[in-house]
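Below is one structure, written out as structure tokens; the observations come after it.
Think of it as A, B, C and D in the order they're written, each chain with its own count starting at 1.
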Amino acid sequence: MRRILLIFGLGMGLALVAGWTAFPRALYVRREQPLEFHHKTHSEKSGLTQCDSCHALGSDGEFQGIAGVETCAGCHAEKVGTSKAEATLVDSYIKPARETPWLVYSRQPANVWFSHAIHTHRAGLACQDCHGTLGESDQVRTYEQNRISGYSRDIWGHSMSRLGRAPGDGMKMSDCEDCHHRHNVEVGCLGCHK
Amino acid sequence: MKFSRRDLLIGGAGALAGLALTPVPWKLLSDVSIWTQNFPWIPQPAHGPVETKYSVCTLCEGGCGIRVRMATKYPVGVAGVRDHPVSKGALCPLAFAAHQLNWHPRRLREVRHAGRTASWAEAQTAFVKACGEGPTAIVDARPGRAVSSVFEAFTRKHRGSYQVVLSAESQALTPYAGWSGVPVTSLGYDLENARTIVSFGVPVLDGWGTPGRFTRLWSERAAGAADPQLRLIQIEPSLSRTAARAWRWVPLREGSEAALAAGVARTLLEEHLVGAPGPMPRSTLAEAAAQTGLATEAIRDLAQRMVENRPVVVIAPDGNPAIAALNVLLGAVGAPGGIVRKRGDVPSHVSADPLPGSFRAVLVDSTVPWEFAAQNDAEVFRFAAWDGGGDSAGWLLPAPGFLEELTDVPTPPTSALETYAVAQNLVAPPTEIRSAAQFLLQIDPTLPAVEKVIHARCDEIFRTRQGTVYGEHPLAVTKIYSAKHLEEQLRKGAVWMGDPPSPGKFRCELKEWPADNRAANATCWAASWAPPVFPPLATKLYQESNLREPPAGRQA
Amino acid sequence: MSARYGFVIDLDRCTGCGACMVACAAENNVPPAPARATPRTGLTPMLVHKVSNGMEGAARREAFIPIACMHCGNETPCVAVCPQQAVEVDKATGIVVQMPQRCLGCRYCMAACAYHARYFNWWDPAWPVGMEKSLNPGVAVRMRGVVEKCNLCPARLHSAQEKAAAAGRKEIDPADYIPACAEACPTGAILFGNLADKNDPVFSAAHSADAFRLLARLGTEPKVYYKSQEAWVKALAERDSVRPTEAQHG
Amino acid sequence: MADLVLIDRRLIARGAERTSTMRFMFWLIPWVALAALGIYAAALCLYFGLNQTHMDTRFAFGMWIYLDLGMIAMGAGAFFTGFLVYILKQEDLKPVLNSAVVVGLICYSGAVAVLMVDVGQPLRAWFTFWHPNTHSMLTEVTFCITCYLFVLILEYLPVLLRNRQLRKVPSFLVFEYQLHKLVPVLAAVGAFLSFFHQGSLGGLYGVLRGRPFAFRQGFAIWPSTFFLFILSAIAVGPSFLMLVTAAAETLTERRLVGANVFRKLGLISGVLLGIYVAAKAIDTLVWLNITSPAVGFSPWDFYAYKPFGSALLFLEIVPLGLLPAFLLTSPLTTRRRGWLLCGAALACGGVLLNRFVLTVQTLALPTLAFDDFLQYIPSWQEVATFAGVIAYGVILYSLSYRYLPLFGQAKRADKNVSLD
């Protein structure tokens, strides 16, 4: 009887270890960003302290997303410094006016409608409330993509158990719901889906 | 200790139990469902901001104003422009999917000769050679455009002939042109002032002329009322959309329109319902009744109705002289609410029936209907954005598609007022694309460039100091400070509209009642739609619903 | 301050041109028909029916009845039946919302709908090569195997809301929110607005003498009203006004 | 081949006489082929989507839903017999109990299988458990059908574990013994679940106020069809059980249960059928005169569309309702096995017709004044998929019969267990 329990426990243990360590590695494919980019440098060195100096809202409130190369060209028309990233930026993106194929950590699927304007202007949220310390980043982290759903890992969050997550780590529907619920904002499906 | 099969089973059971306590089954379950919500083979709409542009539709002569939503330099939606003076905010059903046309499977992206791929260079040499060997014809379906004047210039310089294929709407005006000597392109219908409109099977509520113009008028003054301000009498064998919505529907026998016209004319004259006497038709009322299958009473009643609520205008689907003669009899020619002559004359060398004489080479503009057949011994250079099917022996030259070409839009055929608009090239065409004008300009660089002609036209309008420019706000030309500014306005989607005509400036002399007894053929609902193909979404109208008949010879 | 959006459609003004159907499909990224699709398997969130008074010859009359989701306001049949809350009545707008991403494709809601205004994606949505560039960025493409219907052009509602928020307004500007079909109608037969707002044109129109609703006696309080002067057209509102033999399409 | 025969023989219970391996295999082959075809058709539907069927916007439900409803009704024999034996202590029905469980298992698992093909997004079907809409009859159906299927499997296990080979494993015997003590509880749970399941299937259509032909008033949240379905199901369950058993008897050329069992099943079935038909008649009258006119539908118009006429209604109530009720109860006929089976067949036919009318006819009928009456013919994929399920049923039943003690061995099995 003890032997049975032992072998049972052995199998169980193996499964637990594999499921919590190997599985996450296998589930996500790691992809590097096309460029080295530091928010920190831009806020400290070039005084772009406001997020919306690069991530602005359009005339009708639509979020413009990551700044296009023409914005970068404002300062980087010619190489600033000698870093490899700088060379890549100028030569392969700014000069040929090609948009940088950034991998967007917080990209939501096509069926999600998220209005920055409503959350910043009406709800008065700060960028940090959702994007955490992204604005002070001094390196680009690897983008992890779910092999099955194709979502960025940031949507589920980095902890598999979804416990103890920092702001911006985890942007699932349930996270939207929780926040709306906390601030008793009543939105139906159309509030976030398109 | 050695493992037995039994141990393996137990271990496996343990593993299963353990797995249930890991994210594996649950995360997989969730991710697989998410996968079903974003199947990788399903197209994703573009990211990025959307901007709105204003322009004018060039898919038919109607000149409707359009509002185009652009995302990442491609159009993602087309809508009408409210208070547009020409189209009154309306569009035909097909226009709402027009932005998809440029990706139609039938889109031409390469030069083809005798069904095989060829190059522009070859086409050019072939054309130049042909021009050298004999007379050339250039066929246009929309006279009066900047492009047209490029055509004319070319034909003038290279002893060619500029030919025009008239739309059904224009053809319907040819009899008056014949009787009065006023060019067809200078004539129009003053519908806005008419109080009775008698249509001989013309789909006036279903895409005739500029779709929005009459439908809006009708919905404001006629729709639903038992005794409307504007009476629409539809004379048509079958209960068409227009007939179903008309104030009165007169069902008559196929092809007996001319006979009915004669019958009505006789009644009008015999019962002195019209002031000025006119030529009496030979056929008797009884004959008319017999041919049309209507009671003589019905014909008398129809004549009564026509004069009851004036001004009245009769609209024919084509150049049927008997029907046109009714307008003369009713005094609707050159009178308010009838057939009127526009202020200035658009260049008037327009021949109604194309290709008299024989030609060595025939260049066919992309506006010419696909069905148009050039004389068969000539070498044909056919410009088209979409392949209408059938095997052409000649040259098939890929022309700009929707919103891919800078061109101008002169007065639509049925309009009583002069208008002028400019369609910008909002979309970059595929690499191999060239318009007929560009083609000719490469052969003869001395020709005027389309851009320059448009520029000149704007100058001209600016100098006449008349009319109004309808942009964000209507602005009288007198209030505009420069021709350049006017052109900018037009390029931003504004439209210039001339002042109302001073009527009575022309009349028609009718010696005798037209003997011609040909049947009037009503046109199909999409006849004026120039491309030989439909936007794929048109399937909603006739494949995915029973709303309409699939139009012949067109593919969605 | 919740709205109740709806239509008042003047059938005497409808010429059956179909602009509303095409405009709707273009706005909402509804795919074109696959080769085998028929009127019975098509995707037409806005569908114009051709109807007749059943007579022949000169006595025949025809009319056109545009039918989209009626956005029923009472005991909404499709909401109650959906097993997994893929359908809901939006509290703020009264829109009956169909969420294809939640739908499992059981089609129970289609059986529940008296107006046949719900459609099933029998095929994978497909466009000719490159045409995906012409898709409306404001609307997600549905996938095969789910039900869809008129959600009252949510993309337009969204941009109106966003515009309001950016301008610091709480309520949207009514001029910013007009569904594609209403905007497209060349005769202005389709009137859209907030039925809960007494100052909105639809309010008076919906309460005018010649306004009626289809199958009103089912008690589902549809938010799409119709108008007509013609008695035979009004009669089409209720099933028992028509004997089975006459109950055929025009 | 030889060792195949050996295995086959080893699996058959000691002392049980079964036909030769060869004959058994020849019997299976066509059914296996049919099942394979069914799997192929189902695969087509899952891979290419439901455009493989002939369902459409109006006929959103097709043959599959109809047959699901039918099968579930037939499967009612399982829970009802269990209920009779364990709750109402009708010990003399025990001989057919195992057979009933197998029939139930087949019907329910088959129905679930078809449903998984029928929904457009089977991979998301679990959303119903994660985001259930408690107001939906379909949610009730889904929950009950899954739970009850689980119960049926548990009920099937003890039967399965009495297989000659499996009984060799001691721990299985222990397990089976424990399970056996549990069976009455399972029967009770099963009865409750299946009761609701049958009902909610009826409710499925009864609640559709948008389909006045099916819509019914009811008590609380349940329309009258909810209760009619329960009644009809328990009425027809035993009848179907009789038919299956009789079929097994003819095929195996053996008397498997005593005539008394048949008579008892028939009596139960007949009496319940009588009650059902009466209730159904009242319900129809109420609908004709109150429910339907109230929402602007003249009920007789529904019957004006051919081929569906008022004849169907008559057929359902008299020849396929009252008549079988008489045949199954009257002492004149119940002595004759033939009459009894004939009654059972008619009863099943009646209930199947009822399901057909409620599903297919409801969708065929127009609602809007300008709707057409529609025809619908299932595609071969739909037919094949379902045929596959039938084949699966036959195969599972044959195997169970061959290798498990389905009939009459219940008692002996118990004794053996207590001996160990």
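Note that a contact is a pair of C-beta atoms (placed from the backbone, for glycine too) under 8 Å apart; a residue touches a chain by one contact, two chains touch by 3 or more.
This structure is a prediction, so every number in the text was calculated from the model and none was measured.
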Quick note, more Cb pairs in contact for B-D or A-C? It is A-C
Closest to the centroid of all CA atoms, by its own CA mean, is chain C
Once you find the CA centre of chain B and the CA centre of chain D, what distance in Å lies between them? 62
Please report how many Å separate the Cα centroid of chain A from that of chain C, as a whole number. 38
Starting from the mean Cα coordinates of chain B and chain C, work out the distance between those two points in Å. 29
Measuring centre to centre with CA averages, how many angstrom lie between chain A and chain D? 52
Return the residues of chain B touching two or more other chains; collapse runs of consecutive numbers into ranges. 32, 35-38, 44-45, 47-48, 50
Where chain C touches two or more other chains, by residue: 38, 41-42, 49, 101-102, 124, 138-141, 143-144, 249
Send over the residues of chain D in touch with two or more other chains. 121, 124, 127
Hey, which chains are touching each other here? A-B, A-C, B-C, B-D, C-D
Looking at the complex, which residues from chain C come into contact with chain A? 88, 90-93, 95, 97, 99-102, 138-141, 151, 154-155, 157-159, 161-163, 165-168, 170
Within the complex, which stretch of chain C touches chain D? 34, 36, 38, 40-42, 49, 51, 65, 75, 77, 80-86, 102-108, 110-116, 118-124, 143-147, 214-215, 217-220, 235-245, 247-249
Show which residues of chain A lie in contact with chain B when the two form their complex. 3-4, 7-16, 18-20, 23-24, 27, 58, 62, 64-65, 109-111, 146, 148-151, 156, 160-161
In their shared complex, at which residues does chain C touch chain B? 10, 12-13, 15-19, 21-23, 25-27, 29-30, 32-33, 37-39, 41-44, 47-50, 57-58, 60-64, 101, 124-125, 127-141, 143-144, 180, 183-184, 186-189, 228-229, 249
Along chain D, where are the residues that touch chain C in the complex? 49-51, 55-61, 118-122, 124-125, 127-128, 130-133, 135-139, 142, 204-205, 207-212, 293-298, 301, 304-305, 362-363, 366-374
